[in-house]
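Look at the two complexes coming up: subunit A is in both, with subunit B in one and subunit C in the other.
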Partner chain A sequence: MTDSPELRDPADSGPRAVRPGLRPVLAGLGLTELGKVYGRTPAQFAAEAVRLAVADAGLTLANVDGLLTSSGVTGGVSLDLQRELGLTDLRLLTHMQAYGSTAGSMVTYASLAVQSGMASVVACVFADSPLRPERGSGAIYGTRHAGSGWWGLLGASGVIGANPMYALAARRHMERYGTTSEQLGHIAVAQRAWAALNPAAQMREPITLADHQASRWIAEPFHLLDCCLVSNGGIAVLVTSAERAASMAQPPVHVLGWAQCHPGRYLRRNPDFGLVTGAATAGPAALAMAGVGVGDVDVAQLYDCYTFTVLVTLEDYGFCPKGEGGPFAASGVLGPGGKLMLNTGGGQLSGYYMWGMTPLSEAIIQARGHGGDRQSALHDIVLVSGNGGVLDHHATLVLGGPAAGP
Partner chain B sequence: MSAEDTIRDAARRVAGAGESSPRYARDPVNMPAIRNWTDAIGDTNPLYADPEFAARSVHGQPVAPPAMIQVWTMPGLGSEPNDGGRAPDPLGEMMTVLDHAGFTSVVATNCEQTYLRYLRHGEVLALRAALVDVTGPKQTALGPGWFVTTRNTWYSGDEPVASMDWRVLKFRPELGVTAGSGLPSPGPDQDPRLAPDPGSVMRPPHSPDTEFFWAGTAIGELRIQRCGSCGALRHPPGPACLDCGATEQQDYQVAAGTGSVYSYVVHRHPPVPGKQLPFVIALVELTEGVRILGELHGVSPDQVSIGLPVRVDFTRIDDELVLPGWREDTRVRPGSLPELVLDVTPTLIVSTATATRDFYPVHHDRDFAVRGGSKDIFLNILSTTGLVQRYVTDWAGPEAIVRSISIRLGAPCYAGDTLTFSGQVTENVTGGEHDEQVIVITGACSLGNHVTGTVRITTAARES
Partner chain C sequence: MTVGPVDRDQATAEFFDAAADGRFVLRRCPDGHHSEPAGAQCTTCGSTQLAWVPAAGGASLVSWAVVWSKPESGSEQVATVLVIGELDEGPWWWSRLEEADPARLAVGLRLKIAFRDGGAEAVPVFELAG
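Here is the complex of A and B:
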């Protein structure tokens, strides 16, 4: 989407550009209890997630020398987390926010810090606690932005939250390519089938295409089952160097490539609104950095705030030609037993909604080979996407299983 | 027995009684009443007033405007119904039962009139009424209530000549509860549309970047930020030009207020403060090239499409806030009716109320109306129906035969307001003995849609 000839070839700028021992590895993963977990603050979830990730790697908090924090719709996670965890003399600390693409951005920043020698063990954490007993999830997200800044006009026009904005984008895709609600439904059905195999998933009861079509309208063309869940909880990951990871508890998950794209064309006269996302730029760049092509991807974890987000980014990453995401989704390639291992934990539609940490956490589980009933036989190359705003921000990571070191 | 059971029992009893005995019109169908009505409504169709024209028409003689049907059997001012008060009144009986159950307020929501034939002078009509159904309790924007539907059938002798399904919402008013406050809304067929409540509308905060925009809407201008340096437009407004980067000399231009739907959604959940569900949100591409989001008014969800021409439609919430929204631009659509813009003067309200023999004081006594919580006197439903008929036959011509008028009632139309009718032919069946057309109409006032509905007409088939 952008033409930047002055950039270095991504293959020369990533982890392979540094000596092997310093190359970045995801060595720890911590998931708190996720879903309808009430009575805990985002800061409490965040602190627990970091402790779990550190323990997962076989480390102690004293080994952590970098911390990147991020928060969701309820805020509450900040630089204060350092003090809550008793971390002293950190060499890297910052709070990051690029919405659903933040997880990918945090891992990228941590990887750059590790491969430069700036820090050696960096914890990246997200936590949120929007669910309240007796309160609909739509109401929680609906009030976001309702009264502030220019969103005030949108709120007064009846646009609250992200649902209508993504539905506007999906409508463009439908108009241009003939994409249908049923085709979107295939994505929801496939991910629910995956969620049935994931003990950590919130929604594990199988659904049919008819259930999808019969679920109530939210913002047409979206049914309820086109929209993600809302969850409470926290997830943290640890980024360290390959040489440090060698003595840690878990099989190393290599960070092979990364890229971002922030199109910045929101509501401008771009003719491709709803048709193309930042994945079309970030995807090839991240794959090039990793030295692989989309055909080499064994497992894909694509950000799924809506079924539509999955459909349009499948096209942008090149899993199918542009405009053919609908027929592709309906062709039987998705779900357990299909040929594309996509969103194998149920994603945010049926698993848990932890923004970019949802695809990242399942990617780590798959890359390690720890997926249990839902484990992909091949897991050397795992693609992870993060999407934020209204298709405004995109981050891609390419991860490698233990056998796929750079 | 619970209150709900009492209501349902009464509904079964009243419905089971079937059609009431007849209530007779006080006067036969007559020219003076017709003239009063056509004068007040502004209907100049010669079919009603010009005997020579009528004689040459398909009717062969003068006839009454079909939309007058209910007028003939209205009681006069202060007089008893012409049956000595003896005929059963199914609607009145249900109103009494619901009053006792605490559902003390009433608002009419739907009126569907079907005309089997036009009436000739001298015919004496009898009205029989039956209860069709009572549904509830429903949570509505006005409060919990019951929808009561009755069917009135008018007879000339033993021959049925017209019928009317009449639906009202009998509700328990909830003070302080307004649309969008979390209550489920009634379905699309039955919500009494309310004007946006100033207290519930989300208020956009102003900033130095957006001040010009709101100053514009306040005087009916849609202003788009324009760079004083390179002339590029941007929306939403912001601190710099998106094209040349200039941060100073940011100016604006007044948009023509026209454009087309670039994308749209039908919002159905969750409830939005100040809005009735469902509503349509459109991303509009302005003629000038920039895009802007807003609510699309007056277009039902199944009638929206990408590319639909629209024009700006401002809604005054109160003295401080005017919101820009959108409305279909029927001027550029084939099959659209020319707009009819009516100044709703006190004279129009009082003369039409009187000509339709509706003497309820809210239609002629301002003090009475204000004491009851209204802003002013307002248009009555029989006149709204008449205006709808006039709007369509003005366009279709005096020979068009009106077969039915089905309307849904919305915001009240007060004295001093402007009522703008627009319409669109949605079905056009030719080839039979008659050409049949279905016209969807909207009558909008400053508070929103006063009336929306469908008129079915037939005309003699053209020689081909």
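Here is the complex of A and C:
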């Protein structure tokens, strides 16, 4: 039953504020080499990322008592990672999959575990290794469905992969609100300008709106420069309590709010398709949990598998009214020097594509004040989105810089 | 333009049986709500008492995407129009729209279901109505 929200108990409609006592904090961040890095398996990237996150926090693997693993399109990361890292007597161990919302969800569950005292230092990791020297990136996410059943039927009629599905969503937004390809292009251009300031970004050569418009069609209305990169690598974060983090190596990044929304209408009649996503529910709920409003957000890291995903999430979070994401993106607010600090590492479009770990990792860097040439002057409240499926899974995190503890 | 191939499984057997006869079937509950063919319960009321019923075959265009083949030296890029059609009974269906000029597409454009030979099974596609 998908159309009966009135049956839900409104008293349980959102998360409660973080309870006093054990306050969750992101205390470690580990990024492997990212991009065209060949010859390593996802499991190897994952193990390296966790080791780097542990070292970043000034800890050793013996301090880790919780592990949440996740993997991308090539799989390969599993509970075996515990053994690989020599982690014994863990108090929390789970493999998770909510597609692009997984990273935000992992931090949420790790925070809940820390709050409850179930675990004290939880590593959350994502790794993927889809790029091979001889294979084009387009082939990776455009793989045909298995040749039987409903999925086979979808593939048989040509509806294959993420590009056309998101293109259908974007076209619906364009037809309803007048959104244009040029407006989407402003997002791509701004993020490339940010990537130029990020040494870890894969694509750092500046682009113009004309470059965006001239790039080849992938699935109209998407040009090549509307679409994210594909990357190899791994990223891990450590969640612990503020009390524990006080003696660790990095400035604490507080986890102030979280919420998810999974609309559940994939391949179903959906009046909201392409117009409103789970971000419209999860964003306000996470901000309310943190006790702030969208106007208090200093830095936003929004999942950007496509330029359109950023645009619709800006609307859903309330940075601009519904339907005005296009004019908003084209108004000059984006990019270095703009007033909205958005996807400051270049995002998935120009930085690196590590699913939800892309916005999360840059959020941690900004919240700490470690962004170097691209650092936002204000970084007390950092909003992070995760998006999976075809706008089907959403996770929001509200992070606080060292000065913003509850 | 070719479709398929696709093989049936237990969940799709009745659908492909109907498709072989040129009928596009939906699920309908005792209260008369129509659901997408892949649904195991009514998307309106949750009933699991679903019958297969033929759709009239008419639909309206909800959205579209024009997918271009990868450019290769010496060959023209080929455009495939993929659409969401809202069947007149209510459910949506995702497939290709054949023989349509991408420049002339608009929300609400009238479509109809047609079938193509997908090897082992018939595959429904959309065509422009009228």
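Convention: the second predicted complex is superposed on the first by the 379 of 406 C-alpha atoms of A that agree within 3 Å, B and C clash if a C-alpha of one lies under 4 Å from a C-alpha of the other, contacts with A are read in each partner's own complex, and residues count from 1 in each chain.
Following the convention adopted for this analysis, a contact is a pair of C-beta atoms (placed from the backbone, for glycine too) under 8 Å apart; a residue touches a chain by one contact, two chains touch by 3 or more.
Just so it is clear, the structure is predicted and the values come from calculations on it, not from any experiment.
In the superposition on chain A, contact of A:216 is made with both subunit B and subunit C. Legend: residue contacts after superposition of the two complexes on their common chain; A:37 is shown touching neither subunit B nor subunit C.
Applying the stated contact rule after C-alpha superposition, one finds that A:96 touches neither subunit B nor subunit C. Looking at the shared chain after the overlay, A:167 reaches both subunit B and subunit C.
On subunit A, the surface patch touched by subunit B in one complex and by subunit C in the other comprises residues 136, 138, 147-150, 152-159, 163-164, 167-169, 171-172, 175, 216-221, 267-269, 273-274. Contact residues of subunit C toward subunit A in the complex are 3-9, 11-12, 15, 36-39, 43-46, 62-68, 70-71, 80, 82-84, 86, 90-92, 94-96, 102, 106-107, 118, 121, 123-125. If you check the complex, the residues on subunit A that touch subunit B are 136, 138-139, 142, 146-150, 152-160, 163-164, 167-169, 171-172, 175, 216-222, 224, 267-269, 273-274.
Every residue of subunit B that touches subunit A in the complex is listed here, in rising order: 182, 201-205, 207, 210, 213, 234-237, 242, 262-270, 272, 274-275, 278-279, 281, 283, 285, 289-295, 301, 306, 321, 323-325. Within the complex formed with subunit C, the residues of subunit A that make contact are 1-3, 136, 138, 147-150, 152-159, 163-165, 167-169, 171-172, 175, 216-221, 267-270, 273-274.
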